[in-house]
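Shared between the two complexes below is chain A, which has chain B as its partner in the first and chain C in the second.
After this line comes the complex of A and B, so read on.
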C-alpha cells in the first residue's frame, strides 16, 4: 500500500481515502450517535461554559461581561467557601483513602485464598453497599449517628465512653462522612483489588513462602508492588471521588445543604452546585467548575506520573 | 497463603471479616427495623430491633403520599435510559470493534479522552441548554445525553472484539445487511455483556440524585432519591419511620437485582480496571 501511495498522484491518493471512507460508511453511521451527542451535550456546553465563566448572569436578563473577575473572586475575600472546599477535599482524601485502600487490599487477599470458609457470603455482604443509593444510606447513617438516641452513641455509652457529636462537630462530621464513604465504596475497591490479584501468578508468592518469607513479608514485598497499577487506578478514582462527594453530603448534612458544621464537609462539587442552583450565579459557578477541573486534572496527572512508573 | 495457619491468624482473619461484614449490613438491618417502628421507639434506650408495636402504618402513609407513583417514575427513567444506552453503546462498540475505517484509532482515543471531563463542569451549561430546549421538568435530560456514552462504548467494544470475524463474514455472504448483522448476530451474542452493562446503567440511573434534583420540579415526576430528600422535616421532627420506608423502597429492588445477578455486577467493575 505504501509503495502504491508514493507512485500515485496526490489526487488519486485523496480519492483512495475518500473511497475508503465511503466503503466504511456503516461504521461511521454506527459510531456517530456518540459524536453527535458529544457535540450537543458535552462540547457545546464546554464552549458555552467558557463564555459563561467570564460573565455575570443570573438566568434572567442580560449577561454582563466581567472578564476574569469570576476567577479572581475565588482567590479573594469572597472565595473562602471555595478554598475551604478544596482544603476539605484534601483533608477527606487523607482521612479515608489510605485506610480504605489498604483494607480493600487486605480483604481481597484474604478472600482470594481458598482457605477461608464462606468466601462467597463475605464477598456478597461486603459488596452490597455499592448498589445502595447513598441518599438512603446517608439518611440511615444519620439515624445511627444521632447524638442522643442513635445506635452508635448508645453503644459507646454502654461501653462506658462518652457519646460523640457525630454530625455536629467539625472533625467528627468529617469522620462520619468518611465512615459513610468507606461503607459505600470499600466493596467496590475490594473487587477491583480482587481482579488485580487474579493477574498475579500464585507461584510467585508460594515460591517466596517456601524460601522462608513470612506471609506478611510476601504481602508487602510481592503482592503490593505487583498490584501497583490497580492501586493507582483505585486511588485516582478515590481522589476524584473525595472532591466530588455530593449525594452523601446532601443526605448527611441536609440542614446545611451539604456544607456540614462550619463548612467542614463542603466539597468543590457541592459548592459549585450551591453557586449555580441556590445563588443563581451561573457565571461564577462556571468559572469555579473550570478551576475544579484543572485541579482534578493536575492531581490525576501527578499521581500517575509519580506512582505509575513501572520498575 | 501458607497452609499452616496458626490459631492467632485464623482468629484475626475471621474477626476482621465478620467485623467488616457486620458494619456493611448494619445500616440495612436498621433501615428495615426502623421502617416498622412507631416514632417514639426509634431512638429508644435500650435499642430494640423487633418491637411488638411494629406495623405497616409507615408504608401506608408513604403510599398515600404517592410513593408508588415515584417508584414507577424511577423505574421508567432507569429502564428507558438503560435500554436506549445499551442499544447505542453496543452499536458504537460494534463499529469500533469490527470495522476498519480511516481515523478509527484517533476517534477511539478521543472517545476515551472524553471520560476525563468531570460532570461538574457540564452541570451548569447543560442546565441552561436544557432550559432553552424546554426540557426542564421532563425526563429527557436524564435519558438522552447519556444514550451513547464513552464508558458503554469502551465496554462493548472490548466485549464484541472477542466475537469471531468468520461468523460475521458468513452472515454477509448470506446476504445480511450491515444493520441486520448487528441486530441478528451481534446483539444476541452479547447478552451477557448487555446484562452486565445494563445493570450498571440501571443502578446509576435509579440511584441518581444530582441530575433529577436539578431538572425535576413537579412532585409527581419525582424519583425515589428526590422523595427521600423531600421527607425531611425541621430538625428533630422528621418522619423517621416513613423516611426509612422510602429508603427501603429504593434499596430493595436493587438488592434483589444484585443478589440475582451478582457475578455480572462484579464483572462490570473489573472491566475498566484491567487493561
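After this line comes the complex of A and C, so read on.
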C-alpha cells in the first residue's frame, strides 16, 4: 500500500483528498450547524474585538483610534480594578480548587464501588446542584448568609458560636463565594473523575490489595497517579472557572454589582463586563479581554507542561 | 431515504440552534387600552351682543389646542412598577391620556430599574428594540444622553425650561440640546421617629427638631444621646458593601461632588470631600449607626419596627419619595410615629437641601412614533393637573414648579402625625444646589469611590489615602 502511494502521481494524490472530502460530504453537513453558528456568533466577534481593542468606542457613534493606550492603561492607576481581579482569581483558585478536586476524587472512588447501596441516587443528588441555575442558587445563598436573620448565623448562634459576617468582610465574602462554587460544581467534577476511574482497570487495584496494600495506600499510589490526565483537565477547567466566575458573583454581591466588599471577589470576567456594559468602554473592555485570554493561556500551558503526562 | 432523514434532522437541529440564539423571551407585557368616559373641558360660550344671530364660542382649555391632527399609533413604555403601575396607572392619569388621545395605543412593559439600565443601552447601541418612552433616573440619565441614541427634544421642551427645577435640566443637556422631560425631584430631608426622640429627651416637634439638629455636629450629639438613652441606632450606614448613597447626598448638599460641573476637573479627593467622609466616619467610630444595607431586608426591618423596645432606627436621611414607600410596604405599622425635619448642614450657613434620585422620561431616536411618544410624555409630566394627580398618590414631588401653589401641598399627612410634609419638600426642592455627583461617568466614579468608602470604613486606609486612590483611578479612566 505504501509503495503504491509513493509511486502515485501528485495530481492523483490531490484528487484523492478532494474526493475523500466529497465522499464524506454528509459528515460535513452534519457538523456544519455548530461551525456556522460558531463563525457567526463567536469567531466574528473575536475578530471584531481585536479591532475594538485599539479604539475607544461607546457602542454608538464614532470610534476613536488610540493605539495601545487601552493596554498600557491596564498597568497604570486605572487598571487597579483589573489587577485586583486577577489577584482575586488566584486567591479564589487556591481557596477552593484543591479541596474541591480532592473531594471530587474521593466521592468518585466511593461511588464507583458497587458495594454502596443506592449509588445512582447519591450520584444524582451530588450532580443536581450543577444543573440548577447558579443565579437562583446565588440569591438563595445570599438570604442564608445574611448577617442578621440568615439561617447560617441563626444556626451558629443557636450552637453558642458568634455569627459570622459572611458577606460583609473581605475573607468571609471569599469563603461564601467558595461555598457556593463548590456546592455547584462538585457534582460536575465528580462525574469527570468517575469517567476517569472507568478507564483504570480494576485488576490493578485488586492486585495491590492482594499484595497487602491498604485501601488508602492503593488510593494514593495507584488511583491518583493513573487519574492524572483527568485531574489535570479538571484543574485547568477550574482555573478558567475561578477567573471566570460571573453568575455566582452577580447573585451573591448584587448591591456592589458583583465586586463584593472592597472588590474582594471581583473576577476578570465581571470586571470586563463592567467596563463594557456599565461604563460603555467597549475598546478598553476588549483590550482587557485579550490580556485576560493571554493570562489564562499561559496558566493552562504551564499547568499542562509541568503536571501533564510525562511519557 | 436514510440520508434524507439525516439531512432533515440536520436542518431541524440548525433551525433549533438558530432559534435558541434568538431574542430572549419577551418580558411581562401589558397592553393597556381603556376607554373611560371623562368629563371634557367645559366649553365657555359667550354670546356677543350683536345684531347677527351668530353665537361666538370662546373655548377655554388649559393648554393650547394643537393645530396639527392628534398623533396616532402605538407606543411602548418601559418603567418600574412603583412609577408606572402604582402611580401613572393608579392615579388615573393613564386613563385621562387615553381619553384625550383615543387613537394612541399604549403598551407598558414593567422593568425594574436595574433591568432598564441593562436593556436600554443595549437597545440603543444595537439600533433596535428600544421603547418609544423610557423611564430613567437622573443618576443614569447623563450616561445615556452622552451615549447617543436619544431623540433631541429641544424644541418641544422650550415651554418647560423655566417651569421645571433648574438642576434637573443639567443631566439631560448636551451641547445645548435637551433630551428628556423631568418628572420628579428627590429633595432630601431627615425622617425621624418621634417616639424614639421623645424617649431620648429630644424635641419631637418638627420645627424644634430642625432647629436643634441644625448641623452635623448637633446630629452627632443627638445620636450619642439617643444611643445612651434608648440604645437605638441613629441611622443606617453599612460599611463593607457601602455604595456611597449617603455620602453623595452630603456632598451634593455642599455643592461638592466627584467632579466640578463647570470645569470637569475630578474633585473626588478634594480636602472637602475627604473631610465629609471623615465626618461620616465618626459615626462609625462611635458605633452610632447600624450596619443595615439600603434596600435589603435588615434595613426594611429596622425601619418597620413598631415598638420602642425593639429598637427601631431613629432617623433616616433620604429623599421625599421615600415617604410613600414607608407608608405602603416598608413600615405601614409605624403610622403616626414619624416626623420630617430639614437635613442638617455640614457647616453653618450651608443650604439645608440635597438631592437623591429623581427621574425623567426619555424618547429613543429609534421610536417609530415620536409624536405619539411626546404626547404621552408631555401629558403626564408637562401638565399641571397630571403631575398633581401623580403626586397625590405617590411621593414623587413634581419637578414642574407650577404645581407648588396647589392646596395639595398644604395637606397634613397622618403618617407623619398630621405634619404638612409636602410644604417642606417643596421648600427643599427650590434650594437644591448645583453639584457634580451625577454625570456621564457616574457609574465608574461611584464604583471607584465606593471601594474607598468601604476600605476606610473597614479601617484599611485613611479617608485621604482611600479617596486619593479612587481619584487617581477616576482620572486614569477618563483619559
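The rule we apply is simple: the second predicted complex is superposed on the first by the 269 of 311 C-alpha atoms of A that agree within 3 Å, B and C clash if a C-alpha of one lies under 4 Å from a C-alpha of the other, contacts with A are read in each partner's own complex, and residues count from 1 in each chain.
As a convention for this text, a residue touches a chain if its C-beta (ideal position, glycine included) is under 8 Å from a C-beta of that chain, and two chains touch if they have at least 3 such contacts.
Just so we're clear, the structure is a prediction, and the values are computed from it rather than from any experiment.
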Partners on chain A (chain B, chain C) - clash or fit: clash
First, second, both or neither for A:30, with chain B first and chain C second: both
First, second, both or neither for A:169, with chain B first and chain C second: second
Which of chain B and chain C A:299 touches, first, second, both or neither: neither
Contacts of A:262 with chain B and chain C, given as first, second, both or neither: second
Partner chain in contact with A:107 - chain B first, chain C second, else both or neither: first
First (chain B), second (chain C), both or neither touched by A:277: both
Which partner reaches more residues of chain A (counting touched residues only), chain B or chain C: B
Which of chain B and chain C A:63 touches, first, second, both or neither: neither
Touching partner for A:17 - first (chain B), second (chain C), both, neither: first
Chain B versus chain C as contact partner of A:146, first or second or both or neither: both
Overlapping segment of chain B (options 1-9, 19-27, 199-207 or 217-225) - the one that collides with chain C in the superposed model: 217-225
On chain A, positions contacted by chain B and by chain C: 26, 29-30, 33-34, 36-37, 41, 59, 146, 148-149, 255, 277
Chain B contact footprint on chain A (complex, rising order): 17, 20-21, 24, 26-31, 33-38, 40-42, 44-46, 48-49, 52, 59, 103, 106-107, 109-110, 113, 115-116, 121-122, 124-137, 139-141, 143-144, 146, 148-151, 154, 183, 186-188, 191-192, 194-196, 199, 205, 209, 215, 230, 233-234, 240, 244, 246-247, 250-251, 254-255, 268-269, 272-273, 276-277, 282, 285-286, 289-290, 292-293, 296-297, 300
Complex contacts: residues of chain A adjacent to chain C: 26, 29-30, 32-34, 36-37, 41, 58-61, 69, 73, 76-81, 146-149, 165, 167-170, 173, 253, 255-257, 259, 261-263, 274, 277-280
Footprint of chain A on chain C - complex, ascending: 3, 6-7, 10, 13-14, 17-18, 21, 118, 121-122, 124-125, 143, 146-149, 238-241, 243, 291, 293, 295-298, 301, 441, 443-444, 447-448, 450-451, 454-455, 458, 460, 469, 472-473, 475-477, 479
Touching residues (chain side chain B, partner chain A) in the complex: 1-3, 5, 9, 13-14, 16-17, 20-21, 23-28, 30-31, 34, 42-47, 88, 91-92, 94-96, 99-102, 104, 107, 111, 114, 116-118, 120-129, 144-145, 147-150, 153, 178-179, 182, 203, 206-207, 209-210, 214, 224-225, 228-229, 232, 235, 240, 243-244, 246-247, 250-251, 254-255, 257-259, 262, 265-266, 269-270, 272-274
